[in-house]
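Shared between the two complexes below is chain A, which pairs with chain B and chain C, respectively.
What follows is the complex of A and B.
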């Protein structure tokens, strides 16, 4: 029996259902819309409308919202000639390119470890998840102490091995990597939980079958576990890219974009342009560009999943 | 061709209104009588949101209520980092503050933005300012020759050195460095390192976190005879500016007599705590033996000015201004004047770590209470400031990180200052 012959009766059933009980269908649709209204209202007011306003503002020279003249694409042209913007964009891309894959790899390793029947597993899971439920400002304050050049833990560890002190947040060559370390650590818990849930959904029958076929642990991971994590990998990738592009509080509390713009990222640059320089129009154009970049990065991430088969 | 984007403005204001921005509630017509009623909203930068900040503010309100007993006062304390955000959103929502107290550099940009109003129209003249404050404080209060703010407190950054450290380094403890070159040489001799090369005594402390060498640059440039702005015209990209910036670079990156961006955990000046032999310091030092006081260390500190081509003291400061569109302008003006009350100035000086700006405050117990305040107040007439025109806030945000590029050897002084000059002239 072909799929066409199977599909025909189904379509007939649906037509019959629509003809037979239009009132019920309409009531269901109405109930759906009523349930959707609060979320839709929220999305329109706080997401769609601001997005439209930001696009509109990006075409003006407004210093404050509502006070500006239309300058069309001037802000965009100026942005690409702005060295600070280029630095912020490159820093954001570097941060994303490092923190996303490294964070995912570390989280997967931790999840694999915590998926094994080890003693104190629940305690470890809690410990790894703590950074997620701790305020970013509190986390940053602790890391400020760790990176303190005079009395911080990081330099004490270096001193223990006879290595000289480092200006973790004052050396422009080290400051961004120092923030990347925190970014990886901070995102570990949420990624780990997702991976852990996915690992528990991996078919034990397939694992057992592979084992009976003589597969070793690596072969089981690569041929059974890894493919089964496909949809989750994509979810983690997308949320991680969006999250790393939006890194702000870490930079705001720890470095204020310094030293010498070495940790200036797009969100912080947007904040600076909007509220330190009072260039709302310019900042809006930068926001639109960031939006496009996040979209492109997610699209590229999606391409990596194109040929993946779900198991 | 440029067109007003009225629709966007309306939608934006409506959105902000939906977001719950509250109004000032000012309703009574403007007058100066004691029966005036209504509410004024006061935005105060840098007041701590605790009992100390509230206590000082209550003191200001008490003075204000002598003139307007029935006018309610609502305060909003914000750190400088959030100040522009508050002003920006209040303007966008049409709910501007009645009184704004901010730094000196904010006066001209806020006047140009239409956030504060011309005090000349409310009866404050340039002559009034000249009578009460040092002449050098008058120009920063003006915009297009009209008065837009009044000075409240000065925030000098004084220079100090340790006599004992000078003696140990073989330097004359009674001879402060005069020129910038002497300063650099002394700093090199005063720097002490351990066997690993780590600094155990900083030769010269700039007392600046990363991206914040602006004031120190202005001070050095001033000593070389330059100034940041002349009127609205940026003049820092001069030989004096280049030499000053190059010197900071040399001290930090070449001599390493100063550690870039280093601050102790209390963020106090290293020369005051004994961690540095010389450096920038606060205009207040606690000479008591109580917690936080430095006791006898006070006797070891000598305060001095650089006298390279010109004797200068870097001065920042706090101002107060009436918000544009205030429905109670005379009451708001009375609030601004309350900020200038001498006792209030002393109370604010403690919060701002500054000195009163009133010419007659030199004999006050507050100024005489410690050697740093006495020195700082005595030299206010030698003040060099950081302010300049409508684009100052725009320029300020780029200034610190750009100076860092040079200080850390990532860029050259002249082209960097030339680029900054373009920003100050209205470019990006």
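What follows is the complex of A and C.
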């Protein structure tokens, strides 16, 4: 660095002060690495490395205590014969297939409503967002009470509409849908906020032009607003899928996977296998399968966006 | 959406004037807007009814909850005191505060420094490193639970471990396990980077002319300008650290370390036969209200953060 600066003529040095000489560039790069290294090291140790380790562990019969042997694909073969795993996978898929589209549709409707010039928009926005910032454990506890068969709010609502009482979380047919309701309810706000930000970015001139051409409300939505939401749809879809695959707190607090595995989901099954049955290798294989499923869902989400010009 | 169609056809002026003029036009409220307001009000109410019922229940007597009712017969404020006697919730609260503070303060430095470096400094493989962080954004935390447990248990020389990280329990069941894995996160690096990209490099150049070192430029010039990004990141992490449950459940067993959510879940289950609902709701109220307050006062930052991570991502 020093020799380069010394050798350089004065004019070049002046210019370098403005645009950056090799010396300054090197100082910048060095500072860049110093500032970057903590986060980079941290992410390698606590994220990248674990992501690789989980694949390695899935090929062993590792347990929490003691060392495991390599068993290659035995865990995977065993998993696909495991009835509990199959149920957990199907429950997770069912939860995702219901919660994601329903949540997205409702969130978009609310966002469209809040994008209109009405009084108290900020207050509505806050109300819809509150469930997002509250902990899933506290929310689960509250819903556990709402679904209480004897004196909970849910049965009271049913009674109001003249429908018979339900056991909710004790009924194998109702328990998973009951959790889906909470999933939609709690995830609504963050999707809504993202849609709202995107709607505010939709070109008002285009909307105006379409209106002058005589387009009705529905045509404007379908031809102007909807295409403009393309990239955001993809983002919301991907984060929602990833989120719904991760549902754990609800199940842990409210049902522990029951009744009769009716609400056992992948993360809960992984947790049980890893930390109750202490089968780290087996749980790792299950984790890898979950990761693959999330990846496939994200890839499919991307495909549906491919025909849109803006993605 | 409904109201705008009622407006007379405006000529698209060159100086695009969005909703402002319509908002002032209050004299004649369109019927569509009223319907919309009612629908939104009902929707908004549905969103908070569970919380309202939570607070109402927390004020009822223990005997009162065996049948359904909205309002408490007489307000039992002492539930909030009694609940703290039913389980060591004071310790749980204290633990949550320790975890939140000890994660968020280092995180603010580590993540924003990396975001700044990726946005404004000429690092080799910058594109590759940014892609790496974005890829990590797609790794769900639940995928990391099992291997992270192994990593944290295998920290060398900790908890009776040898230099290979074998033989002991590492950081499991220590404060380190609750804090260190979360003192940085790709999401926050990415958020900070998105913010610093929008700052003009001229500011740093001017400081460079004055002879300020590169690290000092970050701390003294750029970081103060990035206050909105710092607030956003802090709020996001305070929320996720306060609400986090699965990792403390996996990584700790001692009651002395147990954060609030874990404590609440244990309390809800320990009495699964006949839970003491008013106490449970009192603690749930105390567990949720700080985050609701934080959001209400800082929502500008929450929304800015969500929008920039969402749309540009």
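One rule holds in what follows: the second predicted complex is superposed on the first by the 272 of 311 C-alpha atoms of A that agree within 3 Å, B and C clash if a C-alpha of one lies under 4 Å from a C-alpha of the other, contacts with A are read in each partner's own complex, and residues count from 1 in each chain.
Everything below uses one rule, namely that contacts are C-beta pairs under 8 Å (C-beta built on N, C-alpha and C of every residue); 3 or more make two chains touch, one makes a residue touch a chain.
From a predicted model like this one, the values you see are computed outputs, not experimental measurements.
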item: Overlay on chain A: chain C relative to chain B, clash or fit; value: clash
item: Partner chain(s) touched by A:213 [first = chain B, second = chain C, both, neither]; value: neither
item: Residue contacts with chain A in the superposition, chain B compared against chain C; value: C
item: Which of chain B and chain C A:253 touches, first, second, both or neither; value: second
item: Contacts of A:167 with chain B and chain C, given as first, second, both or neither; value: first
item: Partner chain in contact with A:274 - chain B first, chain C second, else both or neither; value: both
item: Partner chain in contact with A:53 - chain B first, chain C second, else both or neither; value: both
item: First, second, both or neither for A:150, with chain B first and chain C second; value: both
item: Touching partner for A:45 - first (chain B), second (chain C), both, neither; value: both
item: Touching partner for A:232 - first (chain B), second (chain C), both, neither; value: second
item: Colliding stretch - chain C into chain B, listed as 42-50, 114-122 or 150-158; value: 150-158
item: On chain A, the residue positions that both chain B and chain C contact, one per complex; value: 45, 49-50, 53, 57, 148, 150-151, 274-275, 280
item: Residues on chain A engaged by chain C in the complex (per definition of touch); value: 17-18, 24-25, 27-36, 38-40, 42-43, 45-51, 53-54, 57, 110, 112-120, 123-131, 133-146, 148, 150-153, 155-156, 185, 188-190, 193-194, 197-198, 201, 204-205, 208-209, 211-212, 217, 221, 231-232, 235-236, 238-239, 242, 245-246, 248-249, 252-253, 267, 270-271, 274-275, 280, 283-284, 287, 290-291, 294, 298
item: Chain B-touching residues of chain A, taken from the complex the two chains share; value: 45, 49-50, 53, 56-57, 59-60, 62-71, 78, 81-84, 148-151, 164-165, 167, 169-170, 172, 255-261, 264, 272-280, 282
item: Interfacial residue positions of chain B with respect to chain A in the complex; value: 2-5, 7-13, 15-16, 18, 82, 84-85, 88-89, 91-92, 109, 113-114, 196-198, 209-211, 259-262, 264-265, 393-394, 396-398, 400-401, 404-405, 407-408, 410, 419, 428
item: Touch list for chain C against partner chain A, complex; value: 1-5, 9-10, 12, 16, 18-19, 22-23, 33, 36-37, 39-41, 43-51, 53-54, 57, 65-68, 109-111, 113-114, 116-118, 121-124, 129, 132-133, 136, 138-151, 180-181, 183-184, 186, 189, 205, 208-209, 213-215, 217-218, 239, 242-243, 245-246, 249-250, 261-262, 264-265, 268-269, 275, 277, 280-281, 284, 287-288, 291-292, 294-296, 299, 302-303, 306-307, 310-311, 313
